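Okay, so subunit A shows up in both of these, paired with subunit B first and subunit C after.
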Partner chain A sequence: MEKNVLTPNILRVSGTETNRLRIIRHPFFGFIIFGVGMILVQILQKFGVVNYSFAKALGQTAIYGIAALGFSFLLGYAGLSSLGTAGFAGLGAYLTGLILNTYAQVPYFVTLIAVLAVSILLGVSVGFISLRIEGIFLAIVTLGLSEVLGQVFLNAEFTGGPNGMRTGYIRLLPNLLNIRTNISILFYIVTAILVLLMMLTSNLISSPTGRAMLAMKNSTSAAQAMGISLLKYRLLAFILATAYAGIAGSLHMIYGQYTDPVQWTIMFSLNILAACLVGGAKSIWGILIGTLIIFGLTPLFFQDITLLRNNSWIMSVISGVLIILVVMFFKGGIIQLFKNLGVQIRIRNEKKKEYRFGKDE
Partner chain B sequence: MQVFLQTFINSLQNIALYSMATIGIVLIFRTSITTNFAQGMMGTFSAFFTANFVLYHGMPFWAGITIGALIAFCFGYLIDAGIIRHGREVNASGRQMITMGLMMIFYAIMPAMFVSITTRTPNLPKFSYTNLEFSFLGQELYITEHALICLVIAVIGLSILFFLLKWTKWGMGLRATASNEVVAQMMGINTKFITGVTWGIAGLFVAVAASSTAMSLNAGMMGTVQIYGFLACVLGGLSSFGAPIAGCVLIPLFLNYSAVFSPKWAGLISFILIMLIILVRPNGLFGKKLVKKV
Partner chain C sequence: MAKTNNAARPPVLSSLKEQYYFLIGMLDEARVEKLGSRAAMLSQYLPLRRERLNRGIEKKLARFDARIRKELSALEDKTLPPEAVFKKIYGEKERALEKKYRLQFREFRQNLRRAEGIVDQDNNLTGELSAQAAEKAAAYEAQLEAEKKARVQAALEGFIKKRGGPSERAGEFKTRLERRCAEAAGEREALKKALEVKADAGYQAFARRTEDRIAGIKAKLSEERRRSEAVTAKSHTLVLPDDVALRLDRLCMYFGGLKAVDDLSFDVKKGEIFGLIGPNGAGKTTVFNCITQFYKPSSGEIWFNDRYGKTLRLNKYAVHNIIKTGIVRTFQNIELVAELTVLENLLLAAHTQYNSGFFSHMFFTSGLRQETAVLTQKALEILEKMNLIHLKNAYPVGMPYGILKRIELARTLMADASLIILDEPAAGLNEKETEELMELIKRISREYEATIFLVEHDMGLVMEVCDHICAVSFGRKLAYGTPKEIQESKDVQEAYLGVE
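Right, the complex of A and B next:
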């Protein structure tokens, strides 16, 4: 307070100016704007500006985005290859369904905590496996694990087999907010969780933990020589990936109120991998763009074109070709394109300044 | 005893099928250093051609299977020449992604190309529909003639392949490419031709495997086979061309013997067995640890 009084007027103005910029430049600012934008879509849907199906598909894409964010810890940071995402997410979905169907009084957030606990256990066990098996071998072993979980979903008594599992009645808090089919409240929950997890991811990857994981990705031997514990960070990466996937599966279950084994096959794992690679595995925005392209294009945009709706195979071919082209020609993913564009604009602005005001000596 | 022997005999067809489907995965893994997720789809694609020729154009099955295999060979070569060859600089998961993109394209195109098959989903034809009964160690056993023919084809095919790998100039070139592509190129080996033909042969084997499954024909029919093929590679070890075949022999035996105890959980039991073996020997049963210089 005293300081404010003492500082000259001009300085104070410039101080607030930088403060304002600091808020805009803060990474969370973008995430919150993104969340507000998502909620705006839902509100517009209430007023009939946006299609109901568009809003619903957007929520579904956001859920897949959560799984992709978790996967990016493995692919983009720890450099571990895993194809088990489908199994991890499916486990979350079925566990949620099981708990909600057997104990109708349990609020959803308790269920979510239970799902998290089981996912973390799974992550720890896979993390220990990853200490012994590496590279493509690890990918295949996690793929096998995911297939086994898929067999459990198909054959166990409580899952409903190929007919799938349904939930009806969700209680958010004890004796409060009973939701049956109110998609919009679920949409807000999904958005809130996505934004929170984006913040968590952003904090984690710019913290020493993220740096340690990057070091581990580039060379395990060098990382160990620097005193980074492989055990600790591999376990952490797998725990994060399985926990995010578990949350995504759980949200998928309550959002669609239905799940069946066909949703959790190898295709889902590969699609998550594709989403990370196409968008850019190291950037949160890249992953979201990738998820939008892989999971969102068909239900959000292509559905409205009659030719494509009638021949659904064209959409698959388009996304297949897109994946191949992006992987072959844009190494950093689509986000790299935007970054390159940003660099180009900055260079151009500097040239313009130079032309106007002359060169700085 | 009867059950034990009969289960072994019942596994023979799957052993043949898995070996033929997996050898392509191994060849591609060694030369292009990627797990080929499109492998099953390449097979299914040519199985659609075979079924189309045999069921709707009255061609004999052996001719249909030959033409299907040749089509798969050409497709394999074209995939390498058109796409995989140009993705050399892409990292490992990127190359996986390329094969996954191929898989998606195949999966989408097949039903659109063969509308008559997808609407009816017929069973694939067999070489022969009779059973051979015989007695061994005083037990009455039987084997389907189809399984026997598949096994003979697999054994002959794989023997020819291993002969080529071991004793011909092409095989030597392939082994050189597998161990180090750049050096092989410097030594004057036409690595482009080698990888192309490798993809072709992978397609050829998996095409024969897919066409002789005698399953009901749909686009996803090779999915499980492919996953067990990958597991067989890991189980046997990927450091030699022959080791995964050992995995291919073991996995159908695991599956069928555990199915004797519990048909529902056979997959789970076999997977746990496979996992235990891999955890004890992380490089596979016959694999060697690759030592890297830092």
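Right, the complex of A and C next:
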């Protein structure tokens, strides 16, 4: 029986295998799946599968995730310390409230642009400070700035003082979406912005900008010798951090339609810092995990447990212990733990196989 | 003492006009630099684009092949006797079966070994199986083999029973298959041709666009460069001779009362390997830091002839602008970025060659992608040359010192520098590695036509590779000359060995 009836040039494999998994390996794939999952939660809530408070708290956690994402540029990439996140985010929140309350006809995206502009200005000024001082002193300076802003929120007339500030419903775009936005539409907006910012962050950290920031964190002299201007990248890191925090604050305002000075104290800055540290300041997924642990666990899962609901200090203890454990044992955060776990499991399997079948072959 | 010295030497750029022209010149230079590197980037990207298109064609053809192979294979099944079809279909399953039985045998053998105590804690073999056990293992292997054969046979019988005997229309199918094969071959050729034509058209259009852009840039560039040179000429009066790469003119660096560098002047010739030697604490690294502007000299001038033959006064440059003039350095204690891979560390040195700004980084635009493709290609070539390609995705942590030094050297090559400054390249290397390093330094200076300026304690290396040497002690120049002259110099011998 002659076997070779096929023409040789077709039978011969041409070498390049078509890579069907390319889309899945793209970093954006995970982000989009994440976004779809978030939206699914909201849809499930409409059908009554997930309860309302869970969906609402998830959106709130996502907002904090945005601020943490911005903070990762400082902590994870540029190696700068800051305790000013509360001030930056609070400014975004109050500014949004102020604009919406004064000009009711202004569509939200204009407000967002205004908030971004002010945040960037703030970022530039803090960035210039960061050139002069480093480390713990920089943290103290940013903390001072944040406290100044906090005092303004507490005592100024236009902020409503300790009673807080309220906003009404918002318009998304002029004339186009003149509907009264409800919480689920806001949830979609938050999800969309979070996913978009995750994508932009992922682009940035794998680009020359991200490399330059990492170089600056590891060795300023090497970075300068390679042509990286410390001024430029420190400014950039602070601008990104304040811009993300501003967006988060603004979304916080429209999502909850309420803000008060208690939300923007040093506690918030420390929680953002903790979220980055616990999750892993260099990884986008790590930051999201960290945010979920620090901000999300109580309102999402522990609210139903009476013991934890009545003793809210337990959660603070848990997050404190977590920070100590992570800083002591996993410098890379929980995401590093997962990675290490994967490696450990592979090694153990290999060992098991060797034990069972012998090393030869 | 220090103050009087400073006051005695008026700065060269005293007039405001010169300052003004320097600043304008810097801006012009930045623009010229950017244009030049954009043009180079675009022209280097063209062949990469071609490659990418070719890869795309190959991929599409592979997809076509896979589809047609599936179709033909189904047709072929109808022409073959059931045994042959069975073989084709069952091949995969048979291999899996074989693997399973093999593992079963290995487990059996391992148990025998363990029973005899010839396996240690790390699962290594420490001895041979006894004859009896070996026999047992062989018998078990044979038993498994027979079992496997029986299973394959049973599967074959089942298959034939289900499918029936050979098809009567085999001949007809065979002609159909042959016809289809010929057709498919034709189709493939046609597809290939169509794809190639399409890719070629796309490439031609892209190339034309790119060349237009390059031409535009070049036209602008020559004009800008002329202007920039005219401006720079006004900012200072000195023009270095063509054969000088670097000139230190009465350089002083004081830290408080300490004179780290005191009135040091020498020339580094273009294309040579120049060595700076001296006992510990003689101020050699300080000289480097002054040249690369990590320290601003207390007084004195540093002049540099860049790759376009333009004389620059380095004192005026910021640290991070030094690499743009074509000077790149290594560090005494290796300064690689531990959080970046070796490849990324190399790309870091090309940071100033990226033209894309923040927003194209944020949105990952095609401009950035093109630049990344070009620069990655360049980095891979350098890694290949430096014999580091196997480490490209590794992090430079915990590697042997020699390899880290080599990575740092590779990083300097990435910067397209005309002057490479090496701070104690042989420190911490053993003799063999030092010898390799000597070869490497010579090769780099030859292949990249770069001037190399090094500080080194290893006299063997210095005397072997350097064309000229300057010896310093306590910041002062002792001697300058060829290695031979330096060896014979009495001052140098005294500085190293002490006065008799």
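Keep this in mind: the second predicted complex is superposed on the first by the 319 of 361 C-alpha atoms of A that agree within 3 Å, B and C clash if a C-alpha of one lies under 4 Å from a C-alpha of the other, contacts with A are read in each partner's own complex, and residues count from 1 in each chain.
Note that in this section contacts are C-beta pairs under 8 Å (C-beta built on N, C-alpha and C of every residue); 3 or more make two chains touch, one makes a residue touch a chain.
Just so it is clear, the structure is predicted and the values come from calculations on it, not from any experiment.
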item: Contacts of A:Ser221 with subunit B and subunit C, given as first, second, both or neither; value: both
item: Which superposed partner A:Thr306 touches (first subunit B, second subunit C, both, neither); value: neither
item: First (subunit B), second (subunit C), both or neither touched by A:Thr102; value: neither
item: Partner chain in contact with A:Ala139 - subunit B first, subunit C second, else both or neither; value: first
item: Which superposed partner A:Ser207 touches (first subunit B, second subunit C, both, neither); value: second
item: First, second, both or neither for A:Tyr355, with subunit B first and subunit C second; value: second
item: Which superposed partner A:Asn163 touches (first subunit B, second subunit C, both, neither); value: neither
item: On subunit A, the residue positions that both subunit B and subunit C contact, one per complex; value: 219, 221-222
item: In the complex, subunit A residues that touch subunit C; value: 1, 3, 5-7, 9-11, 13-18, 200, 203-204, 207-212, 214-215, 217-219, 221-230, 236, 282, 351, 354-361
item: Residues on subunit A engaged by subunit B in the complex (per definition of touch); value: 75, 81, 129, 132-137, 139-141, 143-145, 147-148, 151-152, 155, 219, 221-222, 265-266, 270, 273-274, 277, 311, 313-317, 319-324, 327-328, 331
item: Residue numbers on subunit B that touch subunit A, as the complex places them; value: 29, 35, 37, 83, 86-87, 90, 92-94, 96-98, 100-105, 107-109, 111-112, 223, 227, 230-231, 233-234, 238, 264-265, 267-268, 271-272, 274-275, 278-279, 282-283, 294
item: Interface residues, subunit C side, partner subunit A - complex; value: 55, 58-59, 61-63, 65-66, 68-69, 72, 76, 79-81, 84, 103, 106-107, 109-110, 113, 119, 123-125, 174, 177-178, 181-182, 184-185, 188, 292, 294, 318-324, 328-329, 331, 335-340, 344, 347-349, 351-352, 354, 356, 358, 361-364, 368, 411, 415
